[in-house]
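The structure appears below as structure tokens.
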Amino acid sequence: MLNLSSDYVEGAHPLILDALIRTNMEQLPGYEMDSYCASAAQKIRMACECPDADVFFLVGGTQTNETIIATMLRPYEGVLCAQTGHIAVHESGAVEYTGHKALTLEGKDGKISAEQIRDYVSSFYADSNHEHMVFPGMVYISHPTEYGTLYSLNELTNISEVCHAYHLPLFLDGARLGYGLMSRNTDVTLGDIARLCDVFYIGGTKVGALCGEAVVFQPGRAPAHFITMVKQHGAMLAKGRLLGIQFDTLFTNHLYEEISKHAIEMAESMKSILHKHKIPFFLETETNQQFVTLKNTELTYLSQHLIYSTWEPVDAEHTAIRLCTSWATDSAKLEELDSILANMP
Amino acid sequence: MLNLSSDYVEGAHPLILDALIRTNMEQLPGYEMDSYCASAAQKIRMACECPDADVFFLVGGTQTNETIIATMLRPYEGVLCAQTGHIAVHESGAVEYTGHKALTLEGKDGKISAEQIRDYVSSFYADSNHEHMVFPGMVYISHPTEYGTLYSLNELTNISEVCHAYHLPLFLDGARLGYGLMSRNTDVTLGDIARLCDVFYIGGTKVGALCGEAVVFQPGRAPAHFITMVKQHGAMLAKGRLLGIQFDTLFTNHLYEEISKHAIEMAESMKSILHKHKIPFFLETETNQQFVTLKNTELTYLSQHLIYSTWEPVDAEHTAIRLCTSWATDSAKLEELDSILANMP
Amino acid sequence: MLNLSSDYVEGAHPLILDALIRTNMEQLPGYEMDSYCASAAQKIRMACECPDADVFFLVGGTQTNETIIATMLRPYEGVLCAQTGHIAVHESGAVEYTGHKALTLEGKDGKISAEQIRDYVSSFYADSNHEHMVFPGMVYISHPTEYGTLYSLNELTNISEVCHAYHLPLFLDGARLGYGLMSRNTDVTLGDIARLCDVFYIGGTKVGALCGEAVVFQPGRAPAHFITMVKQHGAMLAKGRLLGIQFDTLFTNHLYEEISKHAIEMAESMKSILHKHKIPFFLETETNQQFVTLKNTELTYLSQHLIYSTWEPVDAEHTAIRLCTSWATDSAKLEELDSILANMP
Amino acid sequence: MLNLSSDYVEGAHPLILDALIRTNMEQLPGYEMDSYCASAAQKIRMACECPDADVFFLVGGTQTNETIIATMLRPYEGVLCAQTGHIAVHESGAVEYTGHKALTLEGKDGKISAEQIRDYVSSFYADSNHEHMVFPGMVYISHPTEYGTLYSLNELTNISEVCHAYHLPLFLDGARLGYGLMSRNTDVTLGDIARLCDVFYIGGTKVGALCGEAVVFQPGRAPAHFITMVKQHGAMLAKGRLLGIQFDTLFTNHLYEEISKHAIEMAESMKSILHKHKIPFFLETETNQQFVTLKNTELTYLSQHLIYSTWEPVDAEHTAIRLCTSWATDSAKLEELDSILANMP
């Protein structure tokens, strides 16, 4: 059955598997002290145009989010984020488990604005009771967001400025970063992100790797003894090579860009098919996630032919679903979608 | 340079890589809901002779230890363990980070005894101040231990009995379990472990996998909503297939046993070579880790030809080092060791 | 200067000080094992019409809230509350510090409804991703609320029923409980609260004591080894007598009721004075806290004669303030208020 | 029945009760913003010869220990202490509950040495695996210790020097500080402690107050937003006056010294009585706690006439017990002890 439910339903890009096989018998030190981690980190620094960045490799998204947040905040601080932010909704309270509050702002299609941050922080300090409250200590945004939307360079610059004005580190969750960077109309580059954020990560799991997220700190922004805290959070791989080799491959010959670009092209084709069949969009995006609204009766048919993600109920008779593309989506799959929709009663 | 420092210096057993390649394009659900996780879990249940066990797959050892301990303890409880236990020494305080104290017993070569547990617990309850103290809430042992030593079936049975008498779950860290099971003189089987422990894990990372630990709970012993807490600890893989496929391979055609048995055979050969060269043992074990004592002057030579693990200073002039074998150790490597030692001044 | 800013600006009711003096030289065991704690607990059980309740004494409100919540929740659970709830806003993230998320509902004048709870919980379980989310694990309400409002018996009964239907413990923060019980039109008794809630506390600090909150658990609802966890949270007094003697006094000859009734009478008089001077109410309540809206220009005058609590900005030119009565408020103080308002330009 | 079990079996020194009565009707701001807290803090600064110290008032010992430790440590750090330290044994794991490990050193009569600290820290950094371990982040000592023993000025100076050499804050638990300062042969003054420690506290609960511990930070050593974290730990009193008034009284006219000196005199008399009756000492100290060894058969008699603290079993037939004096111990009580011992079979 066709599966467009997510961008992590297949394994890894073949070049990654090739690299794992090629390097398999090399004897390498553990705990990310190997040469592939070093090489990958260096390639990422170059791609970020930030030669002094600190780069670390973690295994998955929730883990990366909670480790970064817990290690950058002081105990009296919480993290500002959209109320739809992944950390606020779909991480089983991992941030709270580390002792910190997610301070939520009402987002718009997954995004928050510089103005909202400014208002929150200035109201906070104006409140005479603020010493009895949780201090805003950093800002979390995702790009693309959980809704597949993107910040413009202008929006991102404004957020960065307000963050720095208030000494709030800006943290960008890039679990699907590639799809944002390769989106057709974006004006945001990897260099921009590295320049504007104190810390962000380049998602591997959802962009062609088996697992892995590459965390990039601006020079001097990595918490002291970050490695020890990564270990403490259970986030360090003994065979760190698994992460190093994957990211070294992704950042060789622009593979990360190619994978992402391919998924965007497939997403644009998928959008055309959806339009052709007059499927109403719940949210049409410029990245690899598309959200459409279907009648529940239509879903009875669809679910026999297509695996999708149920997003949220729209009303008693309609439901929003998500369809994704990835490096592994090809024309054959989209033709199958076309045919399934053509036959929808 | 020859590297015998650990059992995780190479990649994965070739059959695991084959399986990853073979299944790469299959579209599978995430978060360990895929058919390979199901199949691996079922094979493990059979290997454990425990058809109703609950099996979960986590990524690494520290993560597995802290997740199991944190989810099985109540807040007023700590975990009893040897003072040399991995959780007490080499996990950056991951257990304490979850709010729990490691209650250490003085071990002997990494092991603790049923009697020590009984004494600790009965003294605890006899102490009129015990309500102001940390309650012993579970027992952690490793098998093989951090020193490569093994419990006998009799010792393990006694520990299990005292644990059950005091309603303390018994948790066995099997990061290197295969080497224990395939050790030449052990009388402990996987079925024994599954029967005697409330929870244990079958280590993958150090026994031929790229990553992964398979957690086995006796029927009814898994904490409610364990999956949600695995997510909360940042320990759930989106592409859970990576764990399922590896363990499915390891438990097909006895690969896990074969890998372990090979490492034991190589360890026995390595021991012969060490004896031949009259290298004094710091601790001679029946598993894949061997500990020898060398003069610091000898290490100056050795470190130019061999990568080993520095274990601990013995005195001002001697140091204990660790040498390990694994699935990837072959005769050629041992011959190289032989030759290096032969030339040691 | 007249101070109506809160109900904790004076010391203790004189009968409490008398009791402290009278018992001062008695030699008593520590840690709440003394006869006064036992006597106070027994009197509270009787007043609650719950002879088998478990009663504990803690020192302050935030401490009591976080200790109860942290010890009743499992790690995967959060606490449902109004977004204006004290635990969600004014406790410096104490609940999150213990690892749990406050799951906020949009309240109305500080209150939430049975229907909101039902909707939240049923939506939660209907969400196919709920295993990646924080489970609703208990419900927190305050009575009176932070806005001085009260639940009716019907509302409280409905909330209790929905909580029990979903196996969610209901926790009532009674930091100002006396003022709720003695409010003129309430139909809620202490017995009702003890019957409908799994756990609640009878506030001492804000109702005539120097410090102290009496926690009442329905029979069988207190977490095992609660005392040890109270100690762990730093919430146990060595000289527990300080709490026992105070609550024993408060629950002798209906002192707790008398104190509360007096404050309500004073609040009703204060309301008359405010109405007489045509001060618009931001929120007029039936308890000891009243909220009025003043022009910022008026506050310039007022702040020279009266200490009040700034509540929140209403618009650019108006601010809501809070005025409170207590056991120590007398006619003279209210006459002073009358005179201050009479002279307000 | 005579009770010498502890120094917190009576209420408060009468002058403290007088002050509470005298100030009862004053209207004061809450949360330690009142004039008595300010005055007490100033008097403490003067007594400490440290005019720029930061002084805060907390409620009890365990709370104070865990709040200071949790707010001064970074997440990757633990606290070095004697294995008999109160935080390591009798606080229900409160330090671990905040996420930090107590790194224990083998003490001698409750004390640790500068040399032990130096050895621990230098071994730690020499260990090539130390990034996988808990970093020593501060040092906790108690003075008097849990065994009633005292550091000499020389010992304390050495500890302070090694702490500063390694950038480890030195924290002194002074729950019974007065008895240390007034001990007959001590050469350590309050000024010395304030000079040598980064933070310490002056115990109130066990030295004549109803409750309360005064925390003193060297200038610049208090964590940013300490007040917010005190609130977060549930350690802030709404009626902070209760602490301010008590400490203001204790530090007026040398009351704190007088109380302590009286207890020391009573302890010396008690020691004479114990010697006279040839009761063997388990540990004879220069402070208000004395430890003697009795036959279990003697305890059967004794426990009918005297309330004492059971300390620890010495052997199958003997038990060590603790006897304490305080501000409330008088000659009549000691005569009663004399008579009880005279009649011991």
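To keep things simple, chains are lettered A, B, C and D as they appear, and every chain counts its residues starting from 1.
We adopt the following convention: a contact is a pair of C-beta atoms (placed from the backbone, for glycine too) under 8 Å apart; a residue touches a chain by one contact, two chains touch by 3 or more.
Computed from a predicted structure; not experimentally measured.
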**Chains touching both chain A and chain B, listed by label** = C, D
**Request:** Write down the chain pair with more C-beta contact pairs when A-C is set against A-D.
**Result:** A-C
**Asked** Distance-wise, how many Å sit between the C-alpha centres of chain A and chain D, to the nearest whole number?
**Response** 50
**Asked** So how far apart, in whole Å, are chain A and chain C when each is placed at the average of its C-alpha atoms?
**Response** 42
**Request:** Can you tell me which residues of chain A touch two or more of the remaining chains?
**Result:** 75-76, 91-93, 97, 99, 131-133, 228-229, 231-232
**Request:** Chain touch graph shape: choose line, ring, star, complete or other and state it.
**Result:** complete
**Item:** Interface residues, chain B side, partner chain D - complex
**Value:** 75-76, 78, 89-93, 96-102, 128-129, 131-134, 310
**Complete:** In the complex, chain C touches chain B at residues 31, 70-71, 74-76, 99, 131-133, 135, 224-225, 227-229, 231-232
**Touching residues (chain side chain A, partner chain B) in the complex** = 3, 5-6, 8-12, 14, 17, 20-21, 23-30, 59-64, 66-67, 91-94, 97, 205-206, 210-211, 228-229, 231-239, 241-242, 307, 328
